[in-house]
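Chain lettering (A, B, C, D, E and F) follows the sequence in which the chains are written, and residue indices restart at 1 in each chain.
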């Protein structure tokens, strides 16, 4: 049980605490003036990160540890140059049985059960029963469901937190069902099917145990192609299943990144594939804006200053609402 | 008064008709076997085009004519290889006073007054009175209003018809007001202002008298920059006007094509500019799909065939709804 | 039974022949001087194409025909401007039961059975029995085998003939087994597995009945992704199958085009994937050279002239051997 | 009054001086071994920059200061590792009334009044009186003139100093008037008008108070589009003004960067626009060469060595004159 | 001796003339209604081109002819649809001994001897005697001089006429010597050396006998690399020659196209190479403008219309002088 | 004579050694707490690099030294944080006469004489005696031979060691002679000639005295163009020599990088040029893989982890053999 979190540090200044963390970096360093070695580590949990040092007798402590493992530590919280750090008295490897992973990784701020039910609700209202069978074959598969409810949507950047994939998909589906009626060329059930399945390959592309990263399959195959393989398998289980629907759903998955250089082996050719690509991309960009604006706030930028250069968009961004509010004050 | 239209030809087979047209091409050609010259022209009105020939005494007839001018003709409607053509007895230059231009150019199928009122309705509900003043300064300018209600949205391609600009904008604004609530970073009044003004420069970029084309200012300056100049002038007339709003609206106009290579000198940096660019681009692409699907139908393509290669999108397209319908029959 | 082929025309000048063809184009045209209509068609078989006309009473003849169907015709062979054409007396739709498709499409000049045995021979010598099981699962699948032995490798361009896929693969495998020993990083069995399976999706991407073309699945999914789905299914049938081999083979299929813009969603990351991409690309380029040189010969170009511009390679090419031979004479 | 400049340090080694500077960086740092905090700042004026430290009682000193503000300091000049630094005894915020901004920013080495007169001289010799009226409407506008005479031409890189814009323009105009006679397609008055007005938007794109940077309008609108708005306003004031000249001048402004990706929404289409783009670009590149050569000299590079990689030109550069001179010695 | 030129046709309407031409196309065609074959050719000389037909007995006439050869013909000049053509009575192959090539290819309108002396004049005023020796080694080489004075500068496009290379170089050198003083980094002798030698490889890249085209060496090696080889050979003949000058001149030749994709294997790194590239490119672009303006005039375009799309510049162009003149009338 | 190498340090811990090194960096630094200055250098030889410090009296020692020069030092080997360093007692400039350069630069692990003989062997078996004469004219030129046997193939990256050029060429030629028979369009002697000469310009592009780097000629001209010049000179010496072979060999040299942006002024147009480009590129990529795999091993990466991002290939790589081996254990 973890009852001290890094965000609690201000209330524990100078106190000695005992808790569990992920060891996100580990270095043995030389003390000044030939004073021997000491241990310098970084501890993280879902609320943030904190540096820590251990001055003596740390060899046995770290014997079983490596970067990314869980540790149990005891130490005193100090403030140094207005930042908190910990002086460790004890540190040891912690088994997964002692751990609730949810304590260590950032988590969606929304209710996973509610989002899950919302998602199932859209599917239960499908007019097209074949697509309904198909999507429920994914959502009712216990292994897929467990992963889908927990997976982040990315290693870094947008929705990089537990439940991020589900959060991203639910948000996207809401926009899909709202905007579809404006385009009579678009079959709404097909569009929503695409929205729910387009990123399902991320449950095998990413891992989210103690930290986020890419699996080997993620690196060599990628989530688009993993999802495609999952679709082929599900369709085979559902036989008979209309071949034309299989092709149209597969096309949406393959083309949802919209450009060859983003890893889509096909460009969107159907109205649904095109709309899915545009709305998925819009979600990602809006999330990029939010991150950049939050960052600018942390940096103390003025309301009339642009954000730092945003590499993925090749430009800085600008928080217009904030600017208008400030000017009107 | 024009009372015969090209689309009426089947009802007039072998009859002699008298009517007005635009002369869209004009050639003097040699008859076979040294039989002298004859006149070969193409006549157009808003319902289509028809070839016509005049065998004798055409020199005086065409003295005042050139491609793009209006003509009055008398001739007989014949069918040749299942297509209609006209054997001309008389042809003369027609003055603009004899002409209602609306008869010669394709026109939106929607009611311009209704669209205009719908647009004004959105503005009248703005919470931001400065933006309201600004947009009404455009819409209430008689010269701008007259042009805005008539202009096409393009020379060819999407919305290339009288009223096409207004039709494009109203459709876009509808999607804007529906989708804005999903993105709290977006100021809806600012977004709608951008949607109404982004293409206003087209009223000087294009001409739409007897046919559609680019003005010299359209070629050398372009609608993005024309719109910008119009904004600068309107803002000057409205002084005092908040500088920050001027900058944000100007930024939306400048960046609405989304990429440098599409003629935008700035990339979208604000949430409103970004959303405007995405939705404007989506409208254009959906219109491209519609055109390609209509074309495929005309070509008699099967429901399981892709369209011809669409150059602007570097791919063929596929009408999924049509395909599903056919497969279910 | 087809006993007259288009290439036989010189021996039949002025004779009346009866035979079967594919109707590759069909037009009804006007005779000069108002003389009524006539039928103008193009007939093809595996040896070439020939224009034909039918002057009278063709309406019933063509009632059941459309472009791409088989027809039985009777007519006279004439020479006109040094080219042969046929004056048709009779023409009718031909059922597939009357037809041996091999007569109508170009066919590899190599022996399919021998190539097939050569291919199986490489696999039977694999040291890695899992890869052996995998490849044989494809080659021993009667449906796949039948298609694999007949499929062309492309609609146009390189190896666009019956048996072209097999011919391309066998040629590629030969180079693979020869060059692999120079690169100790490369596992030869894995490389050959990739070479045999990389294009297997073409058996569903293309159709080759009476003519060559893309299936809808070929257009919307593509052979890379079709092959991937086939692999997923075969691996499921072979369980237990080493996951690591599945990933490495799938990666080779996904990346064999070598660049995103060529439709590969992953770039080659393993030695085998890299080498497969390079050698597959080399095969295609050498075939392009051969075609360009053959074309230049037909055009009567001199030995010191470059070929026409080759669009896929963005340059003209030059037959150096031919040039050296000529210079030495 | 500032009577000690950073470049004077060698003459004041170990002396105590009192002077004003811009505070270009400010950090509070920890002394070694827990010895408390000290203040570490960087001071700049137009002659360079110098680090400074203040060991005690600095809290009040810096209360009103932030990076970019002016300060008055008293301290001792020391040499440390062959570089000068200052040990501060006193530091306080300085009001703008105490300051002559010209002391703090680098300034053109040429005489601004002379350059200004030279520029006006070219205009006064225009044959085209409309263009003359137009350019003088800018140069005689007191607000524009004041800014134009002071503005830098860039934040960093070429002509990043007070008066840099004017210096750049005068140099460019000299080349324009010399080269125009070689190209009879070019109207020299139009060309010089473009040269004088092309960058006038920089007076609002940049700010140059205590340091150089981009304004918000500079970021969201950009100098090309600002200049365009200024032109629209001036032309309106000058009515009647020939529309054709307005369009041609506006086109030159819009297209002077020569490529879409450099922020020009139009490519140069007229002889004047093309020549302006080429000569403006040549000026920038020659300035880049000069900077790179000066840098190489500072780094002590040999006369047969290329400069460091110049990112904007994607290559290193080479000082050929220097090389030839050295080789001949 | 050729005493009738194609441009003389109006004065010879209906007359029978005898003259020499280049046979630029040759076709045997069918007469209408089975009336047998006739010969259809195109005749060119330096003043233009004219179609011609020969109705009878042409087999022997063309036995020795092919496209590109010289012919002697006798025939009658007729006017047909306002264009001239010739009805041939006699036609035969013409030997080169009968021919003055200058009659058949377009020729510079400037005096070659004067241009040549002007060029030599610049060199004779070089301060750098090594560069002087080098350039004269080219200009005094009889074989090079003969070719240099005749070569066109291109197959099509800019300066595609006899003497075009010399004309291009002289024009370029004039601008070089005028502009060099503005850039003190530039060695004028080095710059002019580069201007004179940069395109010298064109004398082997192109052929200009009866028509213009690329040699095989031009296709496989290219004029940049041919020039480089010529430089290497000349430098070897001039030994001792300063190695540093050889490298700097060679660098200018290699880099004068300015971009890799234009066939320059090196980017300009020295001031002289950079300036040479800019001015050479400017010459080419101005020539492109001139051609486009001349073409627009021929097409009868209005003074307020842009030219056709110019592919090499990816834009239409606009003749501003013409526009201003018209507006002022 | 050098009898202590950096790789020997473990056996000499705490011992005092005397040896020669290249001084690859040199800095004078401040001791902590105002304790004066000390010398900090990096010493390298062919086995690696080691930091060293000299605390006192170093001014005279370094008087004649600069980065890149040879030095003789005496000092004690210490271990610090598990790395070795040297405390210097003496250091002085070393003349080249004291030095065997082979001790200081990494060297191929293969026998240079054997590789050289293998190369000559291929040439001696040429059927084409002209190509044989040409290649031997290079290999028998004592100056070229000496350089060719020693030159590295690059400054960094692939084959950056003494003898690397020869090693690269021999490896490439082996693949060439093996693969040529698969492509009957390819003349094997011409291909091997290209393989041997394509990089011969590197002997003047690079220098390899004490360290590797680019010569000025390498920077301004480049090895492709240097090789071309060498070919022109050799061909002139061999006259008479068939012009067609000269052109074909020159074309292979010019085009062997395969793309304009890689510095090839011509794209491969002949079968031999194409194959040379493909195989040369394959060699470079396989070497890149090897380096990346070796690096990953040093970093302690797991067998299921991809390598770091490889910039030249824009992807990470993956050692499939290693992965399969580990999984099978």
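As a working rule, a contact is a pair of C-beta atoms (placed from the backbone, for glycine too) under 8 Å apart; a residue touches a chain by one contact, two chains touch by 3 or more.
Please read these numbers as outputs of a predicted model, since none were measured by experiment.
Colleague: Could you name all chains that are in contact with chain E and with chain F at the same time?
Modeller: C, D
Colleague: Could you classify the chain C-chain F contact as same or different, where same means more than half of all interface residue numbers appear on both copies?
Modeller: same
Colleague: In angstrom, rounded to a whole number, how far apart do the mean CA points of chain A and chain F lie?
Modeller: Roughly 44 Å separates the two chain centres.
Colleague: Approximately how many whole Å separate the CA-defined centres of chain B and chain F?
Modeller: 63
Colleague: Listing for chain A: what residues touch at least two other chains?
Modeller: 216, 219-220, 248, 269-270, 306, 316, 318, 323
Colleague: Which pairs of chains touch each other in this structure?
Modeller: Taking the chains two at a time, the touching pairs are A-B, A-C, A-D, A-F, B-C, B-D, B-E, C-E, C-F, D-E, D-F, E-F.
Colleague: For the complex, which residues does chain B have touching chain D?
Modeller: For this pair, the touching residues of chain B are 216-217, 219-222, 224-225, 228-229, 232-233, 236, 247-248, 250-251, 254, 260-266, 269-270.
Colleague: For the complex, which residues does chain D have touching chain A?
Modeller: Checking each residue of chain D against chain A gives 30, 216, 219-220.
Colleague: Write out the stretch or stretches of chain C touching chain E in their complex.
Modeller: 80-81, 304-306, 316, 318
Colleague: Enumerate the contact residues on chain E facing chain D in the complex.
Modeller: Touch list, chain E to chain D: 171, 174-175, 178-179, 182-183, 185-187, 190, 242, 244-245, 248, 267, 269-272, 274-275, 278, 281-282, 285-286, 289-290, 293, 306, 313-321, 323-324, 327.
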